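The structure appears right after this line, and notes come after that.
By letter and in written order, the chains are A, B, C and D; residue numbering begins at 1 in each of them.
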Amino acid sequence: MPHEAMTSIPTAETPQEACGVVGIFSENSKINIAPFCYLGLYALQHRGQASAGMVTSDGNTLWQKKGLGLVPDVFGKDEIEELPGYGAIGHVRLATDKDRHAVNTQPLAVRSAFGSLAIAHNGRLTNRNTLEAGLLQSGAMLQTDTDSEIILNLIAKSEETNLPKAVAKTLRLLEGAYALVILSQDMILAARDPVGNRPLCLGKMETDPEAFIVASESCAVSNLGGKLIREVEPGELLVLDKRGYSSHSLLPSPKKAFCAFEHIYFARPDSILSDKNAYLVRKAIGKELALESKVNADIVIGAPDSGISPALGFAEASGLPFETGVIKNRYVGRVFLEPNQARRDLAVRIKLNPIAEVLNGKRVAVIDDSIVRGTTSAQLITLLKDAGAKEVHLYIASPPYRYACFYGVEPSNQSELVARGRTVEELRTLIGADSLQYVSVDGLVRALAIAKEDLCLACFTGEYPISSNPNGD
Amino acid sequence: MPHEAMTSIPTAETPQEACGVVGIFSENSKINIAPFCYLGLYALQHRGQASAGMVTSDGNTLWQKKGLGLVPDVFGKDEIEELPGYGAIGHVRLATDKDRHAVNTQPLAVRSAFGSLAIAHNGRLTNRNTLEAGLLQSGAMLQTDTDSEIILNLIAKSEETNLPKAVAKTLRLLEGAYALVILSQDMILAARDPVGNRPLCLGKMETDPEAFIVASESCAVSNLGGKLIREVEPGELLVLDKRGYSSHSLLPSPKKAFCAFEHIYFARPDSILSDKNAYLVRKAIGKELALESKVNADIVIGAPDSGISPALGFAEASGLPFETGVIKNRYVGRVFLEPNQARRDLAVRIKLNPIAEVLNGKRVAVIDDSIVRGTTSAQLITLLKDAGAKEVHLYIASPPYRYACFYGVEPSNQSELVARGRTVEELRTLIGADSLQYVSVDGLVRALAIAKEDLCLACFTGEYPISSNPNGD
Amino acid sequence: MPHEAMTSIPTAETPQEACGVVGIFSENSKINIAPFCYLGLYALQHRGQASAGMVTSDGNTLWQKKGLGLVPDVFGKDEIEELPGYGAIGHVRLATDKDRHAVNTQPLAVRSAFGSLAIAHNGRLTNRNTLEAGLLQSGAMLQTDTDSEIILNLIAKSEETNLPKAVAKTLRLLEGAYALVILSQDMILAARDPVGNRPLCLGKMETDPEAFIVASESCAVSNLGGKLIREVEPGELLVLDKRGYSSHSLLPSPKKAFCAFEHIYFARPDSILSDKNAYLVRKAIGKELALESKVNADIVIGAPDSGISPALGFAEASGLPFETGVIKNRYVGRVFLEPNQARRDLAVRIKLNPIAEVLNGKRVAVIDDSIVRGTTSAQLITLLKDAGAKEVHLYIASPPYRYACFYGVEPSNQSELVARGRTVEELRTLIGADSLQYVSVDGLVRALAIAKEDLCLACFTGEYPISSNPNGD
Amino acid sequence: MPHEAMTSIPTAETPQEACGVVGIFSENSKINIAPFCYLGLYALQHRGQASAGMVTSDGNTLWQKKGLGLVPDVFGKDEIEELPGYGAIGHVRLATDKDRHAVNTQPLAVRSAFGSLAIAHNGRLTNRNTLEAGLLQSGAMLQTDTDSEIILNLIAKSEETNLPKAVAKTLRLLEGAYALVILSQDMILAARDPVGNRPLCLGKMETDPEAFIVASESCAVSNLGGKLIREVEPGELLVLDKRGYSSHSLLPSPKKAFCAFEHIYFARPDSILSDKNAYLVRKAIGKELALESKVNADIVIGAPDSGISPALGFAEASGLPFETGVIKNRYVGRVFLEPNQARRDLAVRIKLNPIAEVLNGKRVAVIDDSIVRGTTSAQLITLLKDAGAKEVHLYIASPPYRYACFYGVEPSNQSELVARGRTVEELRTLIGADSLQYVSVDGLVRALAIAKEDLCLACFTGEYPISSNPNGD
């Protein structure tokens, strides 16, 4: 793909979700649906902060607005009002190395033999290279780097007689993880990959019994004042139209493989995934972690923000007092520092503020959700010790993260994973903790209360549930 | 096409050119070509102020940067430096009603079976609807409203063995007016429609004997310090690559039909089109106008800015003194006025400042290039009379503009043309002039010094040189 | 004061601190001090988000940069680098109704008989009207609404022989609450009002034994990698210059009256004020609140973010489990909603996300820091009940807030305080809680561990420690 | 004055006027005056493009809006609507080296013993340093670098019983050049310095017989649809209030000294100054220049834009044809060029586009208004020769500019004047012209048709009409 000129993007310190999607269809109501879709996007903002977009349908025309930045950067009062219609899909995106250009913002809207269509999706196709080669060979051309454009091209070429059939036929060609929503003039189609790797749920608007919602997380449904109906099934293709919602077809789903990291980190604490609340799952992981570990500490603290929930469970199970040992500065934006080391150390203190009076002289158990590159962990440990902590014991609420994800979670490059090729002890030395303990895979599975064979644990075990690998590793 | 939400754009008061294109290829030189392409775009800014864009090739990758606004709004120092390579094409665009969205900015860059390609073009295809229908039918999908995307799709589907052949084959499918530049990893292709309606010229860089330029106007070549070689021939397909430039093929050109409005209004005064300098042609039109007209005036003035050149010729031929009767405020941007009529009248005075001491008690001959909607002419006449002019005689340096253009000039809607269905006398009454005289078609042709049969005069005569009509009028 | 045209500012739902100040002087070091002052401002961002500014001295010239917005909005890399010198003062400001204009951003820099001076301050003068009238009478003119300009005018008119004497003389004229820093070419002066109402502390840079810091809160010192030395004494005037720091003079301080709300809400949890850590004080208030209250609840939650710390203490003292019952959306900026009530209710859900699985069927004890206008409390209670809470018992970690503050805390208008003229029971009914309990004044004082007579509790008791009242209430 | 951090401003190539002022008072009309003041500012935009501002009075409160940039950058629809009232003053400013900071934007609004006041002025005080020292000594403090602040301080300290008396008393203390407007709650005061160096005129609104206007140039009056009444007399203090306008007092004016450069360059061509139209004066200068010179040329061209008017007169007097030899690119904003000389030469070609077909083989007489630093002239001559001109003869429509102006025109630094210390022949060699001829002082005076003793010709003759010199040169 032709590249837009850009400056480098700082590498993220946590695993990064690529996207969130939402779709609402309410043909029989008289209200504009865009303001609701906007609220849904706001609820999914944690899944992607690089761009936001929405496409609506008024029955004849599709209207779109998208741009770089957060939801409130892209959508002001005017933008929302200028999106008419009763059907809408929306998207928030995390910019990854491969996928950071303005041209790649979603939803992607096109004209085709099926009329105007727009698509938004979360996940990654593992047979994308093969599909792309076939499309180019057959005379198609591609303007973006998105899987969305591949999928739309396949739909456009399907030679089926109607859109649901064309989508169903296309889904059979896809390998990989996806949760996708497609808007046409008169319907929304929503689909989830056969192993159910990426989350997608179905809800209904309370104020409007004929309006239905699909969204990456249930928090979008509840933020709209709606009710969660159920998850979209792995392999299911749903149709939302003026008759309500219906299940159009179901791809065979020989195995489920729901991404464990959704519960560990990605999902908003109030979301329900696989019928479980994310916050309570995190507390349960913290409990398992405490039960599995040798704990010699005076206090338990969470690494803000994502370590707080497992830390509460850890404290409960260990009987140790939960404390606030370090707070996160809510106002930190860009920080400019001069290029001498003394001051670079200060940058961490801007973002994370230790409370010395809590830490001083204490043996501190710190709970964090995961270790990706290790830099942040090392800085946190130094910070706590500088603030007076006698010992810092780091507890991680997920197993060692050693295998890159090919299904839409960043980093997708093995070499960026600090735990790759290192023992826990080597890692402990590297980051400077007095002890380092991870929850076991079995402990994690117990906390999730989902059958182990229904989970994708590839990033911990290397056992990838979907065979293809786009990187050829 | 799905629409982006936008507020209305004020209607233009002059005929509007859609675009300007430029391409430079210099594989053997060691310099970055982007800064030169940028200077070329600056020289073509008068052909379009709504968006600007550039794509460069470093031999492997295409790099692009485009955006809404003027050339200096889109391209700062950083943007130029981040476009590496020795081949570049650029585009400036006027946003028309149909073509105002960000998604329609050019160049358009894609991946295809021929590798990465980018295209920029000026003009309009008259068989676009047919081509689009065929493409959608065959499974293609379209993301923009541009003719560029249609052309690229046809190239991608051509099944030819190399790019020049694919482009040549595609050109045979196109009807309408176009001047286009295509960039691949290792060449630029430039083509002009068979009647040569839109301008396109070939030049060379003086500092680099192996670097060649194609551009909508020669002013881009001279602004780069280059030399004009010749016009691209009607129907010609040129290839610029590491061997220099070569004429790849020539579509049959049974008739030439160069747009007369390029000389009347669009082109920059220092440009050479059809081997003639635009400024001198404009003076010549003014002379013809004076010779054809009954002139009872004390002074000659030009309507700023485009009436100044013909006014100089008019004054010379009539023997009347040329004066500055009204000046244009160079700083006018948006003007906000309260919604009462008294103040709305003041808005014209902000933009056009009459010099009462020059006009007072005089019979004034005002020369303007054309009348489109008539509003500006009426305001100008009122302004001059309010400033003391005893009589205002309006002379127009083109024949009555009564037929909409289907080849890329706005307005493309007949109903916006005030001269449509009105006699000159009716028009004179409407705008309030003491007399109104147009140059004749023959007078215009004499001034242009181009054979009448080699010109497109459709907007004056209704005789369209290219048969198809996309609007079905 | 002439007003700048502005749109309305939404009313705040918590008591609002007006400002934060910082000053650093390090004549003997070779380093630029601006980057450190910038880090100090970042640490004080929670004290004011409307504007930020900095003035530096290089020994000859004062250099300034200030603007509306957050610290990173005003200060980029370039802005910091263009502020040379070894002395600096900085300011962050909350825009109140009276003080929201660009002209009122601080520091304020002037030329005077003492050379160039700049001032930044936190607090409010209660005899401002009298001082202003006297100044205008004597021929002075005022360009801002700030107390800072009044103070600088008095210094300029002091007729003393040097700056410290002029400042000391001026301080004797001031009534009210203030913490101020003044920068001249060769020194910083720092002063605190005689009752010590507003906080101000002294610290030293660790990397530079001759560099000293004054700041509203110790977190600015620790964020710079410095060490807290002590509080500036009530009535004290400190001088920081090339000889280090020295106490120039001390106004008589018959009574101390430190603002209790600094510990309750304003200060950052890691700050030390009156030798006490704010986070630990908040936990202690939560304990007192639990001990004083009748608690019939199943779980304890904090209203995010400021209710979390007292909730931890409350849970500890009551023996009830601490839970996360509601989370705050970190990405919320402006939210646009259509003007129908149904959707306005949704706005709260965007900002506060209840976790139904935690709340469902529970009797919930919610801890919040204070009730100002009551709107947020009512919304929170509704939210929790809608999410399934069986009962909601609201506990407030401060006594009823019934008297407006005249010393720099907003709102300064009695009528905005919902507890004014209402019994606790009336208030409970109004906001819809199942029970409502405040900590007592004595309980608060016990938690603060500061002598009651050394505190300003005026907003709870109506006993104002400083007599004058600028509003004439 | 404390300095704001800024990047360097490119040096101007023409003499630069510091400012334009406008004031309108219309107590008896019901309309808001701000939209009219805005139109007046638009008309004066050519006098200053660095900042714009307006203050209005509704009888009680002064309302202000000002900012950096052009009038339409500072004033949108909302800003204008938020300025209520029937009295208004406005200001546009050129940023000079000394006066470029945001803090120095005008009008300056203050509170004083006379209530709220705002001032805007054009010109420069020559005894400013003395006045400032006296003010600081007496305990005043200064926040800006403007003469406006000095003047307001003197008014505030005047101890007179009403504002007109206070202003009249203050004017007696001022030395230098000024045209100033002062707004209070219920009147506008307008004053012009005793030699009448800076222009200021009085007009009336046509739509409102009781509304009067003061403005730097009559074009502001005519742009508002008003009528010019007369010039404000040298030394006159006018009062505009609800009774209309009245002449309050007259300072003794032993000598007039109206700035000749207003007619040569600064004023807009449609303005009337000293009862003469600027455009006709410029043509007259061109005629004098032709009559005084030896002219051996084939064509006459003007250096755009300011050389066009004298060129028309020159052509008329010499009998040579007037031609458009070079055009100015209307779209040029910032131009970025790489740092090698070849391309830097290209920058001139972007801004100035020669028409080779007009120039080729010709002996060209180029008329320009003045030579300041000489760089532009040299570039223009090179450009014309590169485009084919056989000879380039440069004619300057003002005498050699050898003495810096101390009354408000930039550059105020002698060393920047290329004609300083050079003979005309030396200068001709330096810039590369085939001949160089200036109009004589007497020729200029004849064209102006103003008595030589009533003009300030100091920049040509070194005879300064006002004794003091703030620079001590």
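The rule is simple: a residue touches a chain if its C-beta (ideal position, glycine included) is under 8 Å from a C-beta of that chain, and two chains touch if they have at least 3 such contacts.
Values in this document were obtained by computation on a predicted structure and should not be read as measured data.
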Touching both chain C and chain D (chains): none
- request: Would you kindly count the fewest steps from chain B to chain D, each step being a jump to a chain that touches the current one?
  value: 1
Chain of greatest Cα-centre distance to chain B: C
Message: Quick check for you: after a Cα superposition of chain A on chain D, what is the rotation angle, between 0 and 180°, in steps of 5?
response: 180
Query: So, what's the distance in Å between the C-alpha centres of chain C and chain B?
result: 60
Message: Nearest whole angstrom, what separates the Cα centre of chain A from the Cα centre of chain C?
response: 37
- prompt: In angstrom, rounded to a whole number, how far apart do the mean CA points of chain A and chain B lie?
  reply: 48
- line: Residues in chain A with touches to at least two other chains are numbered none
Query: For the protein chains shown, what form does their contact graph take: line, ring, star, complete or other?
result: ring
- prompt: Which pairs of chains touch each other?
  reply: A-B, A-C, B-D, C-D
- line: Given the complex, residues on chain A that touch chain C span 32, 35-36, 38-39, 42-43, 45-46, 49, 70-73, 75-77, 80, 207, 219, 222-225, 268-270, 272, 277, 279-280, 305, 308-309, 312, 316, 321-324, 327, 329-338, 342-343, 345-346, 349-350, 353-358
Message: Taking the touch rule as given, give the residues of chain B at its contact with chain A in the complex, in rising order.
response: 1-7, 55, 61-65, 78-79, 82-83, 108-113, 116-118, 132, 136-143, 152-153, 156-159
